[in-house]
Structures are given as C-alpha cells and as structure tokens.
Amino acid sequence: ASTDIKIVLPEEADLLEPCMATRSNIGRVIMENVSETLTELDVRTKKGVMPRLAEKWEQTADGSWRFHLRQGVKFSDGKTFGAKDVKYSFDRIFSDKNICESRRYFGGMKFDVNVVDENTIDFKVDPVQPILPLLLSLVTIVPEGTPLEFVREPIGTGPYKLSNWTPGQQIVLDARDDYWGTKPAVTKATYLFRSDPAVRAAMVQAGEADLAPSISQVEATNDKTDFSYLDSETVYLRIDGNIAPLNDVRVRKALNLAIDRQAFIGTLVPQDAVLATALVPPTTLGWNPDVKVPAFDPDQAKKLLEEAKAAGVPVDTPITVVARTANFPNVTEIMEAIQAQLQDVGFKIDLKFVEVAEHEVYYSKPFKEGRGPIIVAAMHDNSKGDPSFTMFFKYDSKGTQSGYSDPKVDDLIARASAATGDERAKLWSELIAYVHDDLVADVALFHMVGYSRVSERLDFKPSIATNSMLQLSEIGFKN
Amino acid sequence: MAIQSTPTKETIAEEPSALVRMGRMLWADKFALCAAIFLVFVIIMAIIGPTLLDDLATKQNLRGRNLAPFMFDREWFMWLGADALGRPLWPRIIVATQNTIMVAAGAVLISAIVGTLLGLIAGFASERTSQIIMRLADVIMSFPSLLVAVIVLYILGSSIMNLMLVLSITRIPVYLRTTRAEVLEIKSRMFVQAAKVMGASSKRILFRHILPVVLPTLTTLATLDFAYVMLAESALSFLGIGIQPPEITWGLMISQGRQYLTNAWWLSFWPGLAIILTTLSLNLLSNWLRIALDPVQRWRLEMKGPKHG
Amino acid sequence: MLSFIRKRAFASLISLIGLLVMVFFLSRLTGDPASLFLPVEASAEMKAEFRALHGLDQPLLVQFGQYVGNVLTGDLGESLRKARPALDVVLEAFTWTLWLAVITMTLVTVCAIVVGSLAAFRTGGFFDRFSSMVSLIGASVPDFWLAIVAIVVFAIQLSWLPTSGTGSLAHWILPICVLFVRPFGIIVQVVRGSMITALSSAYVKTARAKGVKSGPIIFVHALRNAMLPVITVIGDQAASLLNGAVVIETIFGFPGVGKLMIDSILQRDFNVVLAAILVTAFAIFLMNLVIDLAYALLDPRIRY
Amino acid sequence: MADHLLEVRNLSVDFHTASGVVHAVRNISYYLDRGETLAILGESGSGKSVSSSAIMNLIDMPPGKISSGEILLDGQDLFKMSSEARREVNGRRIAMIFQDPLSHLNPVYTVGWQMREALKTHGIGNAKAQEEALRLFKRVALPDPERALDKYPHEFSGGQRQRVMIAMALALKPDLLIADEPTTALDVTVQAEVLNLLKELQRETGMGVLIITHDLGVVSEVADRVVVMEKGQLVESGTVREVYHNPQHAYTKKLISAAPGKGDMHEPATAGEPILSVKDARKFYGGFEALKGVSFDLKAGETVAVVGESGSGKSTLARILLRLEEADGGTAKWKGKDLFTMSPGELFKLRRDLQMVFQDPTQSLNPRMTVYQLISEAWVIHPEILPKAKWRERVAELLGQVGLSAEHMGRYPHQFSGGQRQRIAIARALALEPKLIVCDEAVSALDVSVQAQVITLLDKLRKEMGIAFIFIAHDLPLVRDFADYVMVMQKGEVVEFGTVAQVFDNPQKPYTQALLAASLDPDPDVQAANRNARLASAS
C-alpha cells in the first residue's frame, strides 16, 4: 500500500519560516517535520519535556542551563548540526532583520548563549528561567548561515524535507533517508488547503485526502473516521475591570452566575468540550481542581445586581459585548445565547460583532480613552503546559490584554514565574483560585475541542498538540 | 374615425383611466399578478412584521435547536423549523424582512438612480465631462467591493445606512455604463433631434425621450441586483463587516445557516427561498412592466384582458 | 480611433494612479497590520519593530513617497506576510482567475444570448416562461449552496468529479458550472428584454420580406441591434469575476485573486492589496476600453 | 381563365388598439396578372400599405388580424401555406419596397451587406451576390456605387435610401413586386430612371407590379390598371385611362381634380428685409463635401422651394440651419444673428421660431408618446403659447386641419399609416406657431386630395401669420403652386435660383430644364405623348 498521504488544512502557510513555526498554519507543516527543536513537550503520555535535538540538559548553580546536543545529526542540505547552529538560530530570532514570532516567549529576558564545544551549549538568562527547557521546545533550529530575513524554503534536521511548494495549491514534504532518528512510516506528505470545513471533510470521504485535522462539529458524524480532541483553545469573556459597573465584583459575579454553561455543551459547543475554570487547560502545570465552575443561578445573579444597584453601582449602563466573527465555531449563536441569558437577569447588553482587526483594538492595550463598559469574547490557546504563557498577558497590570491592576495578582505571577517544581505549581494554583473566586476577573467558559477526520487506512489519533503541529512521524498505517 | 373607417361604438367609447388599464393589464398576466400580490405581502410584512413577531422571533430554546421543518403537530411558527438557537424560522424570516428590504431597496435605488443620472450625463454632455465620469466608473468598478466595505465600515462603523451606502457604491457602474451606452445610440435617433428642434432642454430630452427607452433594461438590472445585494450583504456578514446579530436579515440568516448546510439545510434554505421568491416576483413584475409601458408591445396584455367591444 | 485610444489610455492612467492613491491612504486608515501579523501576546516593542521593519512607522506621506518611488522603478513592494514580491503573488493568482473568468464568461455569453434571444422570439411562450424561471432562480441562489450541493452530489455521491482543488481539467468543471449560474441568469434577462424591442422593429420586417430564416433574423438582424446593453452587462459581470469569485475560490480551494485579495485586505497586507488592485484594475480598464470600442463596432451610429 | 398571378379576395384586416378595433381593410378584392402593373391609388390611411403587407405576411398578428379573405398567388392560397413555404415565397417570388426606407433598413449593417443577404438567402454565392449588388446599385443610379455598398443606411440621403430599398427588392427578380410609394423621395429625373428600370425588368421577366402611389403622374406613366381605395374599401377599379377620364366614385373625382400644378403661380413682392440670410453654407461628411457654399435670402411670409437631385444636400441644408449638425463654413443670419455660431442659450430662445418637418416622419416621432403628447409637447416646452386647459381642444383642431380626427389623439405613432404620421409631424410643427418652417418632403406621402388640403392650410398660415417656408420637395407641380422662389440644387451646389415663374417658364440651366422635362403629367394621354416625344428626340 502507498505510504504517501495527503493532509488538508484550513489555511495555507504564507511562509515556511522555521522561527514562525509557533504559528499554527506554519507549524502544522514544518514543526518537527522539517525543523526540529532542542526539546519537545510530550502531550500524549504526559512525560513533560522530552529530548529531541538535545540529548540531555542540566541547570547549573547560577541558574544557567547547559544542553548536550545529539551527535550525527545532519541538516537536509547536508551540513552537520552543531552548537553553532543553535546559537545562530537564537541570534536569528533576535535579529532586527525579521520579526520572528518565537521572540515573544522571551520578552524581558536577556540571553547569553555560549558555545562550549561542538555539542554543548550554555544558556545564561537574566532573569533566571526555570522553564527554559520548555521554552526551547518552541525554538526551531536552522543551519548557520540561513538568511536573517524570512525564508520560504526551510532547511532543518527533521525527518522530512520540503520538496515542492506551489503557492495556493500544495506543499509536498518527502521523507529523508539520512534522518538521525527512526524512520517514520509516512514517506511523503502532500498538504492541501481548503477554507471550507465541509469541503475538508468531504475530501477525506471522497478519498482525496487522508487527514483533515480540523473539521467542524456538524461534519463529524462518522465514528470510524472522526475524532475529537481537546484542542487547548479556551473561550472566555474578558472583562475590562476598570470601568463601572464592571469594576464592581458583585456585577462580575452576577455575570458568571447568569450564564448556563452546561446548556451549551452538546448543543452549540461540542459534547466533549470541558467547562473552564481557568484560561489554561487541565493538562497545564498548576491547574487547580478545587476551583469550581460557577453554578447557574439567575436568582442569585439578580440579587447581586440589585445589591450593587443599591450600593450606587450603575448596573443599568449598557454593556458592550464584542466578539469576533468566525473566531470559533458557532460564535454568533453562542454570543447571542449568552446575550439572552445575561439580559434575563437584568443586564443591558449590546452585542457587537467585529472583524479581526477591530477585535484586536478592543482586546489589547492601549484601550481607548473614554470607553464604556466592554466585555470582549475571546479565545486563548495555551498547549504548552505552563501557565506563564497566559497569566502575565491576561492578568498582570502590564499584561496586554489585562483588564485589571491587582497587586496580589502581580505578585503571584512574578513569584510563580521564578519558581520551579512543586512551588511553581502551588503558586499557579493559588493564582488561578484567586483570579477566579476572589477577583472574579473574567467569565471562563469552555475548553473547546476540535474534530479531525482521519481516513480509515491511517493509524492516527489527534492530540492537544494537533492544533499547532502535526508530527508526521506519529502517523502510522493500519495493517 | 373619419379617415379610415366609419366609427363604430367601441372606438369612441371613453378610454378607461390609466390606473384601471394598468390593473387590467396586470390581471391579464397571471404570473405578474401573483408576483405583485407576493410583493405586497412582503412589503406589509416589512412594515408590521417586527412589531408583530419580534418576541417570537428572538425567543431562544437551546433544547429545540435546529428543529426540522414540517412538524405540523407543533405550533404554526415552528412549521419551517428552528435555527441553531431554537428560534422559530418563520417569524424570524418575517421580522428580517424589514431590514432586508431596507438595505436591498435602499442600495439598489441609490445605485440605480445615481448610476442612471451619471450615465445620462456622460452620454449627453461634453467629451471631457463624459471622460471624467466614465473613468470614475472604471475606478469604482475595479475597486473591490470588499475593500470598500472594510474601509467604510471600519471608518464609519457598521450600520444599516453604511451598509446600504457600501453596496450601492459598488453597483453604480453597471447602471452608469448601461445608460451611457444606450444614450450614445438613442441620441442619434431622429425623434431626439425632433425634440431638439422644438427647443426641448437637455433635461427634457434626457428624461422624457431617452430615459424611457433605457428604463426597461435598467429595471431588469435593478430587480436582479436585488438578489445580488441581499447575497452580498450575506457575504459581508460572514466576513464580519456586514449586518451582525442581533439584527437580522435574510442574508445574515443564510450566512448563519451556511455551516449547517449538509445537516440542517432548512436554516439557510428558507431565507434563501425568500430571496429567490422576491427576486422572481420583482422580475416578473418588471418584465410585465416592460411590456405594459411599451406601446408597441402592449397589445400582448390588452388582447388577453377582458374582451372589449 | 487611434486618437480616441490614446486619449483613453491617458485618462485611464490618471484614474489608475488616482485609484492607487486612494487605496493607499484609505487602506492605511483601517488598522494596524502589526497587531494582525503578530499574536495578541506580542509586546508593544515587537509591534513597533515590525512597523519599523516595514516602514510603517513613517508618516503616511513619506511612506507614500517611497511607494511611488518604488513603483516607478517597477517594484510594487513585498508582501508583509509572504516574504515575496507582491506582484509575483498577485500575478500567480490572477492567471488562475483570468482563465476562470474568460472560460466562464465565454460560456455564459454564448448560452445566455441563445437562450435569451429564443425566449424573446416567443415572448410569453412556454420556453420564455421556463427559461426565465430557471435563469432568475439561478441569479438569486446563494452561490455557496450551489457549490456545496454540487460537491456533495457530483464528487461524493456520484464520484464523477473531484471535490475541489486544481490539477486536472476535471477540477475546473464544478467551479465553472457554479460560477456560470448567476451571470447567466442576469444576461439572459437583459438579452431577452433588449431583444423583444429589437424583434419588433421595422427592419426585422424587411428581413422577413426578403425571406430570411428565423435563425438569422434573430441572431444576425435583431441581436446586433440589441447588443449594447448586453455587452455592457457582460462587462460588468466579467469585472466582478476578474475581481475574484471569492466564495467559489474559497470553497473549491481555487488559488485565485479573489481569495488572495480578501485575505490581504483582512490581514492588511497593503502591498498585496495594492498590487492586486493594480492588476485587476488594469484588466478591467482594458476590458472597458474593448467594450467601448465594441459599441462603435456594433453600431456604426456611435462614433468617438 | 388561367389563374391570376395574384388574386386578393375579400380581404379584411383589423387592428386591435387600446380604444377598440380598427378596421383597416374591409373586404377588398383585386387581381394582378403577369407582366401587368396595377396601381393602388387612395387616400392616405385607406389601407393600401396594410393590404399589401398582408400579402407578404408582415402584419403583426396579434395585434393585427386578417378577419376574412384569401390571397392567391398563382392559384395557391398563401394563408394555407406552411410558414417555411411562406418564407420561401417572400423575397424569391414576392418582393416589397417599403414606404419608409429609413426604418426598414437595418441601421447596423452596411447596405451592401443587406443587399447580399437578400441574394444569399435565396441561394446565390457570395461573389456573385456582390457583383449583382453592385450592378443593381448602378442601375438605380446611386452615385459612387462601389463605396455606397460599404456605407450604412444613416449615411445616405432619403432618396438614396429609397433606391437602396428598390435595388434590394429587385435583386431577386421576383414574380411579383409590391412597391409602396417607391419614388416619393426621388427627384423627377431619378424617378424617371427608376420607373424605366421597373418597366425594363417587367419586360424581361414578366414580373407583375403592384404599385402604391399617390402621384397620378407615376400612375399614368407606368400603370395598366388602377384600383382606388378609400377608408379601407375598394371604391373603383379600371384601366388607367378609364379611371382618369371617367371617374365614377366621388372620391376618385375629387382625387383627380385635386392634382396640383394647375393654379396660378405666386408673384413674390420684392421689397422687405430678409429674416433669414444664408451665405456660403458648407458641410463636409468626412472627405465628402455635401454642401458647397449655398446662399439665399428669405423674407417673412415667403416660401423658398428647394428642388434638385436626390442627394444634392437639401436635407443637409435643413439640418445645419436648425443646428442639428454643425455647419463647416458660412453664415446664416436670422434677423441679423448668425445661427451657425449661436450659443446654445441663444439658440434655445430661437427654437420656437424655427421648426422642421423631417423627411422620415416615422423616426421623428417618439414611439412611446401618444399623438396628444407628441403635439402638446410643444406647449410643455413653451408654456407661454397656450394655457394647459386649451391643449386638448387645440390638438383636436390641429389634427382636423391636417385631415386627421380627434379620436386619433390617444394612439401611438406605430398605429398610423405613413401619410398619417407625416401629418402628425406637420401638426406638431404648427403647434409652435413658428416664424419659419423647414418642410423636408413634408407632403410626399400624402395623396393629392389630402395634400391639397394641407397645402391650402400652409398657404393660409403663410398669408395670415407671415410664416416663411423652406420647402424641400420633388413634386414640381406642387412647388409651382406653392412656392415664391425656387432654388435648384445639384451635387451640393445651387444651380439656379429665381421666382417660380422665372424658373418654371424660363429655366436657364440644363439641369433645370431636364428636371422640368422629366416631370410627369397625371393625364395618361398627355403622358404617353410626352413619352413618345422624348423617345423620338432621344433616338
């Protein structure tokens, strides 16, 4: 049987730039297929950060990290992989000739990268980074000498190399003979791009493709081929806590109590979706099982609102709920239902759907001066296992999407980020509980699930990582 | 009649008033009659629909979502099924009529009127004026309508008025070019020259002599544009720059039902049908009008009418 | 004639420049590409760096000056997203669109003229009623309905045709068929209306007196007289296809300029938007010129 | 007796209109044999064109309806033939020259193409067709026939278009030729040639000719027999001589006595300032010089008749005087101001004073307006002339003056006969009460009785209101009766100018002399004598 497969994706990659591989449309094609990283986060067996191009690593007393690199690894252009390439890859990310997306994970850090020998490299980071090995799972390695500007033809150490890219039509990856690791089952992967989910599903059904990693819930009707997976996307309502009446905690509580989350499950939100208590999925370090989903209690919500009103909070001010069209499946219906539920307990809600650029204006700082009370419906993705990719941005006083400046929150975030091990987990848990129960910072809604359609000849189960990458080596063939 | 025949009774009989004659001609074309009745119904619904059925149309019921149509044991308003939030489609379509017709009629009228006027001027005025107008039309024509939409709606905000504006801007060139092309030909006809000799002003020549000849074609275009505008509006909603919930239009309903096309077809089918029926009716009516207003063709309707004499 | 074309070319050039200037400034009023290119978590510094890298931090007029300078040397800039020359991206996509538009419009023109003329020939007859219904329904059906239904029926149920994509000739069939419907509906109606008038003119009587057969009377005598509005509307429909058939391209995964344009507009990839508009506008200007010349060709009473 | 070539039996044609049924033709019967020429004479609007259209199956049915009768061609009933057979008959066996050549020629094809099509439809090859077309164009005396083939109908003069029409009809050498007013736009010399051509062809092929005309001269020149129609009915028939000398029906008598050319000639007063003074007017069409410097003066209440060769620039002169086309040189002073250089604003004020009756009445009437609207439009534009309350009354009055009736007010132009349309156009011009009317073949489609009525009306207006006329015409007897001055034109130039008496009694230039000589006399005997004399002098 053929070991070539076709994969149909919703969106074509604009670039195949390794340092942009954290972006899903690029990452799904090249991440760990063409371009590899030093470490890798295992999500299937929950073993945490695993070696990839680095064989092992240790943290020295001063907090810097030493990585021992794998030997005998070759780039697809024939060059041998070594420490200099790692250093170069890092330098490239911080170059001002490009805007590498992975740079954002290293905001506020100062790096001192030292090549010790061919296969050993030291990272000295200020401030000390306890999760550096995890962060390095986001940095793809390019050979020394790769242009600093964005490239369209990535060279990497991965099991595949790019052999053809016809923009707008297809990208073809071929398995390499000289790959350092075990040879994957798939010898050739052709990526196709269709924006319409129904068409993607149809293509697998018609045999024109073998794998459609994201199809819509309504299309996922065939048990044999369609699988759901928790896709690390969390839907929530971001509250701007600076403006009355949303600056009143009773009002925010009322918002939480007014929404019948359970009613969405299996209707507008897939059956397998999970009610969220935090912006990070349960697989994340420090996720707090003790935080409970707020009950659906419209009476209580009404009562709280009345209380607030009595205390002089202007609860009658119309609140604008901003959502982005096509942000996640059924977004319009979900928002309309939420609007109805909020109105039922006495909120005045204006629903406003905007296009992505405008959404961004509402979602991120700087917020507009003189704005009214605004709630932004948004979706956040953290599949990386650590809350630090979330908490600073969403809750810190300086976070770009944060609607609060709470000293306790700031303090907890700072301490958790610097901590390691159980301490780190504990601090994150504490933060999650505080944000959810005391601050009532936002309305967490659902951890969404994605659906994929896999042809019956493939042996593949999508995972939480499927949203951002798609390792061809994980795909096998039945019989 | 003194000239060709001795008068018979019926030729001298008082001519019926214009309204009665139009009525008779409408009666003669049963298709157009049905179309007219349907459109009157639509207009009435557009006027009173929202006040009448708004509550019914917005009542959500997540448990009854995507309810299939033709369940005649349910209440009447559920007969066409329910949408993804369990809201009955029948009342929703009726409530949506107002916005839909307002946007569509507004956009079509604005573009048709502006386009026609400019076209008349471009066909009749000096070469320079005409050149300016025509190149402007070229510019609009090659300006992607979506970009216009993004720009206008981003800068001015999305509202029914602005949407109407956007959609009408993009449709101006058809009317403009069609009108101008016809004017170029018609203005060389002898009866236009005759009007000139009588001292008719350019305005009169354009509106009284040239426009009636172009008008049927423009009406045909305009009625078809109705469908276009409604669907374009749906596409804009889909991209997040058109009308957005909780406002409703047929176009929006279609775009919302789009993802359910394969398993709950009725969500976008009924509003789609409403658009088709409206366009169909408008067009049958415009085809009828074309004949009713053309003295050379009018016999087609008069002959079929009630026997006379 | 030549002086007409020369004058026209000059005027078109000016309006093309006007178009570009307009798009250049207006599009830049619609938001910041940096925040769309970078993830929401990106810091303000990164965004600033992005702007600096692409010169978006300069005052608008300076940016414009640079752009004009580059355009004069034939450089339409790089795509903000694709790290490729914008013009290459656009031309690649436009070739597909052009073919799609040309094939579709040719088919539409032929079919619509035949059907519309025959309908007008027997006004009110069965064929007239029938073709009117069909064409009008065609003109008002949402195109994605047709597209999805066509895929379900012809690609999945019957397995006659591929669902989508490009590659073989068979891949063209569904998109063309779906694209065909709407312009067909419109043009049939325009042809029909225009032909009803033409067929009742005196010169048609002369032709009948000469013993000319019905076919030539319809398609030679009356049709040419009825063509002015018809080619105008054909031009309009062709223009909207040249601007890209977004829905069809999206559903069928057809790499045309419509989808490119939408994506670029939504992502504020200005250089691609400008290049795309330049290319499509050029095509549309050219087409309108051809149409205007065709007026004079079809009707000797029109002279420029 | 063997079958006639054509036999019409009890033919009746009705038209449906909004206000009732019009019986256009009622129960008429006549026949025509091979090699024979039958003239249908009759009042304008009496059903001549309609009855001949019925033969060619050209009546739109509905709204028209052949309510009774049969038409036999060689004994075969045309109404019983299949439509395909009927189509074959058209063109091949029967050909028709239409009354109104401008609208009957397809405006978007060259006349050569239309000629060739006629030939090719009936199985003649392309090259042959081209050759034949050229030959026929030469026969109908079209100038520069090679180039003419590639011209479009609108580039011809009225008479030239009529000759194209004739050539097209003759192309296939039909068995039966229906000629509906074939020479109304031709000057007498060309008319003579065309009539000669008809007769020649008739001799060659034995063609039967059904000629509809109001020109008694033409009848006496070519016809063997005549039938006379009035109000849709056939009132008299017989040989030409019989009918001319011994008319039975009152209408026929009236017709014959109304023939123009017998009254006194006008003697214009010499004093007075000219209201219009044209100097050296020129007009080019591309490289072709249509007017080569025309000059004349005109005083109030005077009539200048413009006669001359078809295509000599008469209509062009009219059009540039009214600024429908721009003159390429010269001046035309109207009360001292130059019409050619006047600004649109000034011109607009003058419009009311200058009116025109176009050569092609059908095309000059807006098909979407009723007669009432057409005529009252004058007052919509110039409301100072008449208060709205009086409009209906005045329209009725004007229609009566030109021999139509008030009931016609609600009808549309296409529901009229050629002559009736022409009269509507005249009524419209009169509605404005102008100072000058340019009549371009304004009465050419009228039978002599109605013509006399209209001319009397114009003469009265001229005397009472001082209206001046530029009267373009081919009908010399009519000119003789009506004009003060005569201007003879040829090839864009004025060859002779003088008072009627000067020109008619003492023509100076050979062309004028030829023109007068070619004039036809309504009396068949006189005409025969003239013809013989001419033949004798030619041989």
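In order of appearance the chains are A, B, C and D, and numbering begins at 1 in each one.
One rule holds for everything that comes next: contacts are C-beta pairs under 8 Å (C-beta built on N, C-alpha and C of every residue); 3 or more make two chains touch, one makes a residue touch a chain.
Which protein is which chain? UniProt says B, C = Peptide/nickel transport system permease protein; D = Peptide/nickel transport system ATP-binding protein.
Everything numeric here is computed off the predicted structure, so don't read it as measured data.
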| item | value |
| --- | --- |
| Farthest chain relative to chain D (centres taken as mean CA coordinates) | A |
| Centroid distance [mean C-alpha coordinates] between chain D and chain B, Å | 46 |
| Centre-to-centre distance between chain C and chain B (centres being mean Cα positions), rounded to whole Å | 22 |
| Chain A and chain C, separation of their C-alpha mean positions in angstrom | 39 |
| Sites on chain D at which at least two other chains make contact | 154 |
| Of all residues in chain C, the ones touching two or more other chains | 30-31, 148, 152, 200, 266, 299, 301 |
| For chain A, residues that touch 2 or more chains besides their own | 198, 355-358 |
| Pairs of chains in contact (touch as defined earlier), listed by label | A-B, A-C, B-C, B-D, C-D |
| Chain D contact footprint on chain C (complex, rising order) | 200-203, 205-213, 216, 221, 224-225, 298-301 |
| Sites on chain B touched by chain C in the complex | 31, 131, 134-136, 138-139, 141-147, 150-151, 154-155, 173-174, 177-178, 181-182, 184-185, 188, 216-217, 220-221, 224, 227-228, 230-231, 234-235, 239, 254, 258, 261-262, 268, 272, 275-276, 278-280, 283-284, 287, 290-291, 294, 296-297, 300 |
| Chain A to chain C touching residues, read off their complex | 14-15, 17, 23, 96-99, 101, 103-104, 107, 149-152, 167-169, 192-196, 198-199, 202-203, 205-206, 208, 355-358, 360-361, 363-364, 389, 393, 400-401 |
| Interfacial residue positions of chain C with respect to chain A in the complex | 30-32, 35-46, 49-50, 52-53, 79, 81-84, 89, 92-93, 96, 148, 151-152, 155-156, 159, 162-167, 250-253, 255, 259-260, 266, 268 |
| Touch list for chain A against partner chain B, complex | 197-198, 216, 218-219, 221, 263-264, 267-268, 324-326, 329-330, 332-333, 335-337, 339-340, 351-358 |
